[in-house]
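There are two complexes below, and they share subunit A, which is joined by subunit B in the first and by subunit C in the second.
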Partner chain A sequence: MTTLAPPVTPSVAARRNRRRRPRAARSPWLHVAMIPVTLLWLSPIVFVLFVAIRSYDDIAARGLGALPASFSTDGFATALTDGGVLEALGNSVVVTAWAVFLSLALSSVAAYALSRFAIPGRRTILLTMLAGNLLPPQILLVPVAAITEAIGIADTRTALVIVQVGFGIGFYTFVLHGFMRSLPTEVFEAARLDGAGPGGIFWRIVLPLSRPSLAALAALATTWIFNDLIWAMTVLRTESKFPITAALLNLQGGFASAWNVVAAGSLIAAIPTAIVFFMFQKQFVSGLLVGANK
Partner chain B sequence: MSQRTTISRPGLTRRELLAGGVTLGAAGLLAACVGTTSGGGGGGGASTGAVTLQNSIQEADPKAALEALVKAYPGGDVTMNSVATEQFRAQLTNYLRSGDAPEVLSWYAGSVARSYAEEGLLLDVSPLWEGDGACAGFSDALRGLSTDAEGKQIFVPTSYYWWSVFYKKSAFEKWGVEPPTSWDEFHALCENLSGQGIAPMTNGLSSTPWMASGWFDYLNLRVNGAQYHRELLAGEHAFNDPEVVDVMEEYKRLIPYFDKNMVSYTSQDAATPMAQDESAMYLTGAFVTSYFPEDQRDDLDFFSVPVINDSVPTAEEAPTDGFFAAANSDNHQGALDLLSYLASAESQQQYIEESKSSNLPTSPDVDTSSFSPLVQKGIELLSNTEEITQFFNRDSSDALQATADTALTRFLAEPENMKSILDEWQTAAEGVFAS
Partner chain C sequence: MSAQPSAPARERRSRLARVPLLVWVFLLVPFVIELFWVFWPAANSFSLSLTRWDGITLAEPVGLQNFRDLAADPIFLTALRNNVIWVFGFGGLSVVGGLVLAVTLNKPGPLVGLYRSAIYLPMVVSLAVSGLFWRVMYAPEGPINGTLGLLGLESLERQWLADPAVALWAVLIAAVWRQVGYIMVLYLAGLKGTDPTLEEAAAVDGANAWQRFWRIVMPQLRGVNTVVFAVTVIDSLRTFDIVWAMTRGGPYNETQLLSTYMFQQAFTTGNLGYASAIAVVIFALAIGFIITYLARQARTED
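Moving on, here comes the complex of A and B:
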């Protein structure tokens, strides 16, 4: 695969360049329409930024919506020190990394087996896995709390990883199953003729070919797990193990909220997901189409 | 062909790597499970005095004050976990039912604590209320509030706050008005302020719809009295009774005086027009002080909602906060020790001073002379009143609060449909009491 790739890319790039030039002449109208839409889209973030750099007294005296009349980095300082945002970010990163890795590893194996072997009742297995995803998580909160309690892993980050893997795996398997089933049979026959066993085919053929869909799922799973709150609150109860989402809630007061601290904490919390997004931008877009071209 | 060889050669080692990686990962996970179970069990069995304090305190200053208190605790290690109030509320049952429950938890006195006690989830803390225990000198009202159906004490109240109509002294001076002493004067004051183009009252109902119950509670306390109010919330009267209709008629007269934007404000946002002198008064809890910029907090003052029906005893709302202990925890003695420490007069005094909030101590032995004039006035208000209630949800349940939120929000938007709204409220309340 890698040996084939280099000669292809320049020609594609060249073709794209050639095509892009005539389009560029027509595109101003697209930009005229898109720039205001983009600004509108960015306005909530700008609003949060404005709140984050104001002092509490300014917000209390003039309201949340007013333009900044003060500049202070107190919000960021408080969020990072008293709010424990950094520690919580660390927890989130660890949990997310393990959960994404494990769920993709397990679901790719499952999808390979379900799509390429005549397992009895595989359709039922797949649909059961998917059906689990259709249940609203809220009705499973109490059972999950009771189960983690019963097997003695309650209040550990391991439990959170297991729960995340358990609830993600159905959807990931379903998507990967669709993708792996569409791989041409000829590739498998050729590999088998060359003496590759099922494990070899998975490792050397299926996984490399599934890389685009794996990357797309990894990008989606990272944001889902990173932004999860409900499972974290169900499984964990020690503050030092809380992920960033729970820490942000703690920044909010019961009766009175220091909005500048909350806004600053939210901005800090958004950085890792933003990094993941920019790294996997292409996969995100294809991830949205996952399953559409099955 | 060359492609095949390049793939197959490193393949073997890669497969081994993968297998090794999976085994390692699984082993790590297993080890983590085992590690935590044995760790938890060992810590409990040894009974080293290690105690977990699960609390729902979110505000920065009170949280720091509690942390300082806990750090100074001489009786052993305390792990303090703060969880956002709404999440804490949702998880509280799980915490209490857990086999290794946190020893001490913060929550509200009253019916909520009692319903957990009925399920046998709370530790009997009566030793603290007897002899020279930390709570022995607390008032009878507090003792009653902390006692379950069987007569055991299951709650340790450590602070409370009061509700009143708050206003800014400087603003009242600017507008040339005085705090009212009678219900007619209150209406005259509202008329006067409206005439000056000022919204007489502010409120915040958007994400805090329960704020609408503040006026309902007070009008019911003033029109029908505390006894009727408690019975109503316990399901002994109907929400479409003529007594409640009288209350709603009074409420209806107030509607034109509220800030027109109150449905889009939260309870916190609602203080902003007051900070800018665009609205004048706010019926709310003493936590309102933290809504204002630092330099306006000393300007705040309050008056009690004036008497409407002078044949009913005076009453004020004073929600009580404190701690209870889980029956399922490993370290009952540790829990009682920590509760004694938190309830002591010295701890209460330190907490109130450091938390910078307008909380009142529950212990009669606290030296209050150093507290702010506002807090002193709050203490006087509560010690001169004949009856004390909590707040709608604390006197009933969160489920009944939800019916009140629906009914009162609708009533404020369409007061002309008051009768049908009260009928629906009663139906919803019957559903809550039946469940």
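Moving on, here comes the complex of A and C:
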């Protein structure tokens, strides 16, 4: 995966040469510096992979830091079955899918209302919603746990989905609002002349046009919700309901000396978000930039 | 907006003013969900912070006693000190690292895409899992001690996560590993928005690379800097997962941050009122930066 340098027209090249501008990207020093940095950056992932594919005996005999002298999938097998990683992965997928879907559904209608209608105080509402997402979660944990108890949904995956939706909605609404506001008014006028109501305009026009920003937010929300630990630990108590992050910490307690199992479990936990990342790399990066780059 | 709107503008506004019932539903359902699950709990934390509560019996009002106790609580003070170190250490290293990498990898070239991907790959790994990755790295017989041994630096080998002198920094490095990619992406986007002709003009005037960066490029990154600054501080005050996964605040509370101590007080010890008081302190520390971020977003909304 190499990015090619854009073609340089002769005149520009000539001007550059006359000024003798250092062409950083072409200098060998870039690679002299970046190849070690890149290897260093990838080393934790590589070492965990090494540990995960070694057998327990190999690790016990030669230490955790040694290069693999054995190949075994025991770590993965044990993590998935006895370690409960498979079950936890299922919980994570279900919670993430529902939470992402509901968050985006609710925030897109809210963003539509705020961006296309003269709601009184809409700017205040919008910034209040965004502010909610910026609050440190710690200020919510104790009362949220108490509320889930009070309404009888404590220790359920439903509660985790609801909490994730409630906390994320403000940010997604803010981002989608920015996008929907930039849609050309003419489209709306045309649809209105055709007799479409507010619901029809949302469904047939706004939603299809918002697909790129919805995709970026979906990529981002998926990694956020899938990777969450603190809400899961606040809302859930029963181990069989734990998502992968919380389950892994238990795994680490239960298999403290079986490093290959812990390493294999960690890698399995990283795979789903890695897939999202590689499939939607462009959306993921643009998702990171929303709200930050304007 | 002018005082005398033109005819079409007035017309548009009057048409906008009729907000159909369905649109109110569109707005109010999400808004009420957020009010109920975010703002209502947040308000409750403030009132809980003035009580002693175990979650079972009725909360007993104690006024500001929790805050007085915090001021004399050595673990809280360690957590507060660690959080300050965290803001500067984690924030400083990831911002400097991210900026340096962004400037280095700004111009396209062979392998540059590969380098960028490698740097932001850790971001897909959750903070909890990053913590587990680095537990492997820091294990007594692990790769880091092994590498030091190979280099003949046995004297530097140690129990990274069990040694109170270095444990906090060991966790911090792991967190920086994951954050640098994010900051780099933000700065790469910021650099894309800078005007290259200004830099060329400065080069003609004889400014060296260092001067060009500080005098020409940096001022153009002001907007990104504000966002990076606010995001970094807010993130630092929220940090929980990676510490919890690596040390749970140990050894001897030496890696305790406000968030981990708050969580322990709330859900391990069951001092819900005291935990809420810690949460209020976290909020008080974060609010200035939240407002900075909001103010910037409000300006871009105009």
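Basically, the second predicted complex is superposed on the first by the 231 of 294 C-alpha atoms of A that agree within 3 Å, B and C clash if a C-alpha of one lies under 4 Å from a C-alpha of the other, contacts with A are read in each partner's own complex, and residues count from 1 in each chain.
Just so it is clear, contacts are C-beta pairs under 8 Å (C-beta built on N, C-alpha and C of every residue); 3 or more make two chains touch, one makes a residue touch a chain.
Note that the structure is a prediction, hence the values are computed from the model and not measured.
**Q** Examine A:249 and indicate which partner it touches, taking first as subunit B and second as subunit C; both and neither are also allowed.
**A** both
**Q** Which partner does A:33 contact after superposing on A: first (subunit B), second (subunit C), both, neither?
**A** It touches subunit C, and subunit B stays clear.
**Q** May I ask you to decide whether A:136 touches subunit B, subunit C, both, or neither, giving the answer as first, second, both or neither?
**A** second
**Q** So, does A:78 touch the first partner subunit B, the second partner subunit C, both, or neither?
**A** first
**Q** Counting only touches as set out at the top, which of subunit B and subunit C does A:238 meet: first, second, both, neither?
**A** A:238 sits against subunit B, while subunit C stays out of touch.
**Q** Between subunit B (first) and subunit C (second), which does A:199 come into contact with in this model arrangement: first, second, both, or neither?
**A** both
**Q** When the two structures are laid over each other on chain A, which of subunit B and subunit C touches more residues of subunit A?
**A** Of subunit B and subunit C, the partner in contact with more residues of subunit A is C.
**Q** Using the touch definition from the top, say if A:167 reaches subunit B (first), subunit C (second), both or neither.
**A** second
**Q** Contacts for A:42 in the overlay, against subunit B (first) and subunit C (second): which applies, first, second, both or neither?
**A** Touch partner of A:42: subunit C, not subunit B.
**Q** Report, in rising order, the residues of subunit A that make contact with subunit B in one complex and with subunit C in the other.
**A** 3, 63-64, 142, 145, 162, 199, 233-234, 246, 249, 252
**Q** Under the stated contact criterion, what part of subunit A meets subunit C in this complex?
**A** For subunit A paired with subunit C, touching residues are 1-6, 19, 21-26, 30-31, 33-34, 37-38, 41-45, 47-48, 51, 63-66, 106-107, 109-110, 112-114, 116-119, 123, 125-147, 162-163, 165-167, 169-170, 173-174, 178, 197-199, 202, 223, 226-230, 233-234, 245-246, 248-249, 252, 259, 262-263, 265-266, 269-270, 273-274, 276-277, 281, 285, 288-289, 291-294.
**Q** Mind pulling up the subunit C residues that touch subunit A in the complex?
**A** It comes out as residues 13, 16-17, 19-20, 22-24, 26-27, 29-31, 33-34, 36-42, 44-45, 48, 55, 101, 104-115, 117-130, 132-137, 139, 141-147, 177, 182, 185-186, 189-190, 193, 200, 203-204, 209, 223-224, 227-228, 231, 234, 237-238, 240-241, 244-245, 258-259, 262-263, 266-267, 272, 275-276, 278-280, 282-283, 286, 290, 293-294, 297-298, 300-301.
**Q** Would you tell me which residues of subunit A are touching subunit B in their complex?
**A** For this pair, the touching residues of subunit A are 3, 56-58, 60-64, 78, 82, 101-102, 105, 142, 145, 149, 151-158, 161-162, 194, 196, 199-200, 203-204, 233-234, 237-239, 246, 249-258, 261.
**Q** Which residues of subunit B touch subunit A in their complex?
**A** 2-4, 6-8, 11, 14-15, 18, 22, 25, 29, 32-33, 36-37, 40, 54, 56-60, 64, 79-87, 90-91, 94-95, 98-100, 102, 267-269, 271-272, 275-276, 285, 287, 290-296
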